[in-house]
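Shared chain: chain A. Partners: chain B in the first complex, chain C in the second.
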Partner chain A sequence: MADTSMNAMTGPRGAKPKKAMNPRNIMLYGILILVCVYYLLPLYVMVMTSLKGMPEVRLGNIFAPPVEITFQPWVKAWSEACTGLNCDGLSRGFWNSVLITVPSVIVSIAIASVNGYALINWKFKGSDVFFTILIFGSFIPYQIMLYPIVILLREAGIYGTLWGLIVVHTIFGMPILTLLFRNYFSSIPEELFKAARVDGAGFWGIYFRIMLPMSLPIFVVALILQVTGIWNDFLFGVVFTKPDLYPMTVQLNNIVNSVQGVKEYNVNMAATVLTGLVPLVVYFVSGKLFVRGIAAGAVKG
Partner chain B sequence: MSSTTTEAEPVRTATYAKPRARWTRNISAKIAALPMVATALVVFLGGTIWTVVYSFTNSKLLPRANFVGFDQYERLWSNSRWLISIENLLFYGVMSMIFTVVMGFILAVLMDQKIRYEDTFRTIMLYPFALSFIVTGLVWQWILNPDFGIQGVVRDWGWTSFNFDPLNNPDTVLYGLLIAGLWQGTGFVMCLMLAGLRGIDEDIWKATRVDGIPTWKTYVVVIIPMMRAVFITTLVIVASGIIRLYDLVVAMTSGGPGGNASQVPAMYVYDYMFQAQNLGQGFAASTMMLLSVLIVLIPWAYLEFGGKKHG
Partner chain C sequence: MVNSIEVKDLTLNFGSVSVLKNMNIDVAEGEFVVLLGPSGCGKSTLLNCLAGLLDITDGQIWIKGKNVTWSEPSERGIGMVFQSYALYPQMTVRGNLSFGLKNAKVPQPEIDKRIARAAEILQIQPLLDRKPAALSGGQRQRVAIGRALVRDVDVFLFDEPLSNLDAKLRSELRVEIKRLHNALGNTMVYVTHDQIEALTLADRIAVMKGGVIQQLAAPLEIYNRPSNLFVAGFLGSPSMNFLKGRTIDNGRAFQFGSTRIDLAGYEGGAVLERDDAILGVRPEHITVSTVPVSGPSIPAEVEIDEHLGADSLLWLKAEGTNMSVRVPVEGRLPAGTKVHLGLDIPKASLFDSKTEQRI
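For the complex of A and B:
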């Protein structure tokens, strides 16, 4: 970019015919391709190892593709791998994660979107103060709030249950999601809101008939953010659930880092790929929206 | 339909609303915002204060309001495991901030050269960010495995004295964690930086070209200072993530080798609160974590929002 425009400044007008293979481009694309190889390598190693049999893993080199492809490690990781005394594989963790993620995503988005809407269109005394506390709360290390939440959940009788974990995810998802919705709703022209008020619509009427239909993109962004975030959570899963309700990440770690037994690296890698699959699919399907979602964390209120 | 009604509207705004009790005005909005208010006040504010207060007690298995002054803190700061944790976090934190920001910026500059297939490159660089730290940690643990990983492969090629086993050596274990942490986080920083670069006015570039300033110098002297806000925001986000560093260490080293060569504060807190049943220590340690975040956060909030009113 720099070079061509420089020429345009000094030389004859109009774009200079450019050779695609000039040294600068070779350098540029060379570096970028190298970087991409570095980024892709772990994914490649993971998949390749998971397709090998154990003898081949021991003899071969982790970067070599499998000589003989086998799906046995995947089957074993899914339905037979052991954590402690349980040997029913990652499938349990997978379904736990599904049971945790689906309601957590729905509840947290529902609450945060209403919050964002109230903060923009229905300001009440102190609403901005609460919002500021909320945003500050998102920077505070979770560790300091862990035990008080344990007490609150215990008082409510849901400590150690899936619902307890769902409440926790809703709480910790709230700052970023509220910020996301608040910023988006503030871009919807206020006239629309006022017009609806004149026509007699109330709080919920405006939310469901105007705000919701107008902001589907931001709901998708929130969905992506929450699905990947909650699926990938480890700390809350360990602290707020019991072993038979552990989410997939926790179970994966217990399978791979268990000290007893012979290490089956191919099964471990198959389990790792399986756990990473959901966020990866979300990521590759959603494309640019994912970038928007994570960049939302950087957008100041 | 709405344009005419809009003009007639101002009469009805909140300021002109009829003198109902202040309380009941916007009542559904207040009810709807209740979860947010409760979260902010009870969990974030209340929970934090509760933990800080109870860090001055000698709570063991259960929280007890038996105040012992700074005892827990004295014990904390004379515990070698805690000191190692702090040292590790400082080292990891500084290294990781320098590398993610420098590499993220350089990658963003490369991506900003009007290249083809930009979306493909970005997709590849960002995908690790979608993964769990557990997944990242386990993959890199496998690649760094001394027998079958990089070290093993290079030795098989005939270079038998080749040594690359960061995770099993207390002196290098943090570099092992860094390799994995950087792999996961740099793409994200690159995206933030790229957004910052795209936000810079094209006229700036034209002006520096007219003056004949070389491209690299423009970046150093003009662009980087202009992106100050982006850099600071990035550093705050990266730093607040680093202080929470936990999953990655659990997955890659469980705090070892040698028991505590790669311990981090978040691990100390978890172990004392939920394993060793020494709540007071856990509270004191988490209060120290809070303090370190505030040291980062308050100057930033002051720079960012100071002067103008936030919200």
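For the complex of A and C:
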């Protein structure tokens, strides 16, 4: 008896010690590092190349860091590269993209959030049918609708303007955003909505004072989806605007694919990084909220 | 006196599904009415109709002598308390209480006065500047009641307000709601599936099933003289014993298996001779004896005995029917004991098993 009680005192006790280098961890971190390298390598090559001068680029060793760091390619990409007759680089495209993205994002989110709210909380006759049609819209390939929309915009007198493109972006964002908001709002207890009605709040009162303050995560998700989606859009930009108003992506394409003169790889790389910078920043700033919102919006279908 | 709530021929259909069928209820001023029933019986739906949160298909709803059938919820002069509390999470307790008043454009001094009064009645003064997330379940429900209180209305609607609380808190708040009702004298309509809540709180209980009110009466009346088999089986725990048999001797006796039970003293209508009848006896209205008793006695055998603390339950088998009997702790008997059961006929209920109605 004495022996066993001694063993109980001296034997293992408390939290079990964990070895840092066990097969599981080696496997886990090994794969993670491998995937990171795989993903980051292109970015590394781009940044390195963009910091080299053309003579160094011609040496052909794309993985080597620059011997002589120069920011000239970045300056050129931003303000001097030529596309067609314009020689003011990407800056024109950047501002065009800003002018397209900001109103499109705000208008589409504003409308879609009210849509989602109404579809869940103020069901009307045929609201489910309406929703089904809206969702069906998101399955139709864009290409089918390109030409009809060109005609519609022309008839409306806004073809080739920034506003035309903004309208198009707003419409095409509607199905997925409405779905997103509808699902998020459906996770908010219905009794909250009922309580607000008993308290005398109306359609807009409930929307602004009850629903909005509770829905920050899903608004961030919608914001990120729309900013990246619209910023990265190429097809609509090239179809519905004219050269003066091309968004950044189209301008980037024109710089990179220009057939005249020497291919300036360093400038191309710098231009590409510049174009991708906005979505990247948006992701980094709001990553955490994004994950939370995606998870919340995905619970219910 | 004007009835506080009058429901006239209320019908509600969802598409082709009939949820509430031709309902008529009058609730007197200051009365506490409990809507009781199993889930899906339409009791919460009826409450939502009263509140104006659901549009009804047919009929009328009058509150305080005013036809409110088409009125908005906020115009009906009601306050409502929900099961999930439904407090606005981004507002403080004070914000929650004042939200409705601000919507109704009540002047600020009046708002402060009403909040102070409600906070005092419910003893939530120290919580006024907290957010709902920082409150316990009981405190949240108090605030939710407060939100109805500040509206200064005559009718309170409760939608299973205690279902999310644990047993101890539930009985505390139950007493508190009763106290509140005594102090304020408001008309209250209270939905629950908990029969203890119903029996303790109600002036009258409406037992519902399938969108129809089965019986609307005082708690003891419902408990002692259930109008049909459903009501009899729904109230009481364990539920009423049902003995299948037939009435004989021109309704003077009940034949249960081989036992003849004299119905002398039965309070009800004309019994007559019926081939299919059910005698319902509550577990506490049966006496157990190990020796044959004088008069009708049913031979039975104890199968299980359960002690509940204050008293005990005996589960027996008599003439092939399972029965439960409530006995004092000292009356406990081991399984397998052969016993004789005596029935308290004046407190029993007799049902026609075809119509399921009380005779």
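Note that in this section the second predicted complex is superposed on the first by the 265 of 301 C-alpha atoms of A that agree within 3 Å, B and C clash if a C-alpha of one lies under 4 Å from a C-alpha of the other, contacts with A are read in each partner's own complex, and residues count from 1 in each chain.
What we mean here is this: contacts are C-beta pairs under 8 Å (C-beta built on N, C-alpha and C of every residue); 3 or more make two chains touch, one makes a residue touch a chain.
Bear in mind the structure is a predicted one, so any value in this text is a computation, not a measurement.
A.B. asks: Please indicate which partner A:V102 is in contact with in the superposed arrangement: first for chain B, second for chain C, both, or neither.
C.D. replies: A:V102: touches no partner chain.
A.B. asks: Going by the contact rule stated at the top, is it chain B or chain C that touches a larger number of residues on chain A?
C.D. replies: The partner making contact with more of chain A's residues is B.
A.B. asks: Under the stated touch criterion, which partner chain does A:F63 make contact with: chain B (first), chain C (second), both, or neither?
C.D. replies: In the superposition, A:F63 touches chain B alone.
A.B. asks: One more residue to check, A:K194. First (chain B), second (chain C), both or neither?
C.D. replies: both
A.B. asks: Per the contact definition in the header, classify A:N253: touching chain B only (first), chain C only (second), both, or neither.
C.D. replies: first
A.B. asks: Please work out whether A:D128 is in contact with chain B alone, chain C alone, both, or neither, and reply first, second, both or neither.
C.D. replies: first
A.B. asks: Return first, second, both or neither, reflecting whether A:V285 touches chain B, chain C, both chains, or no partner chain.
C.D. replies: Neither partner.
A.B. asks: Could you look at A:T272 and tell me whether it touches chain B, chain C, both or neither (first, second, both, neither)?
C.D. replies: first
A.B. asks: Is A:I171 in contact with chain B, with chain C, with both, or with neither (first, second, both, neither)?
C.D. replies: first
A.B. asks: Return first, second, both or neither, reflecting whether A:A156 touches chain B, chain C, both chains, or no partner chain.
C.D. replies: neither
A.B. asks: Could you list which residues of chain A make contact with chain B in one structure and with chain C in the other?
C.D. replies: 191-192, 194-195, 197-199
A.B. asks: How about chain C: which of its residues touch chain A in the complex?
C.D. replies: 48, 51-53, 72-74, 78-80, 82-84, 86-90, 99-100, 103-104, 147, 159
A.B. asks: In their complex, what parts of chain B are in touch with chain A?
C.D. replies: Going by the criterion above, the answer is residues 1-2, 5-6, 8-9, 12-13, 22, 25-26, 28-30, 32-33, 35-37, 39-48, 50-52, 54, 63, 107, 110-115, 119, 121-136, 138-143, 145, 148-149, 152-153, 156, 183, 187-188, 191-192, 195, 205-206, 209-210, 215, 233-234, 236-237, 240, 243-244, 246-247, 250-251, 254, 265-266, 269-270, 273-274, 279, 282-283, 285-287, 289-290, 293, 297, 301, 304, 310-311.
A.B. asks: Could you pull out which chain A residues touch chain B in their complex?
C.D. replies: 1-2, 5-6, 9, 28-29, 31-32, 35-36, 38-43, 45-46, 49, 57-58, 61-63, 111, 114-115, 117-119, 122, 124-125, 127-128, 130-134, 136-137, 139-149, 151-152, 170-171, 174, 178, 191-192, 194-195, 197-199, 202-204, 228, 231-235, 238-239, 249-250, 252-253, 256-257, 265, 268-269, 272, 275-276, 279-280, 282-284, 287-288, 290-291, 294-295, 297-298, 300-301
A.B. asks: Touching residues of chain A toward chain C in the complex: what are they?
C.D. replies: Chain A residues touching chain C: 189, 191-192, 194-201, 205, 209-210, 213-214.
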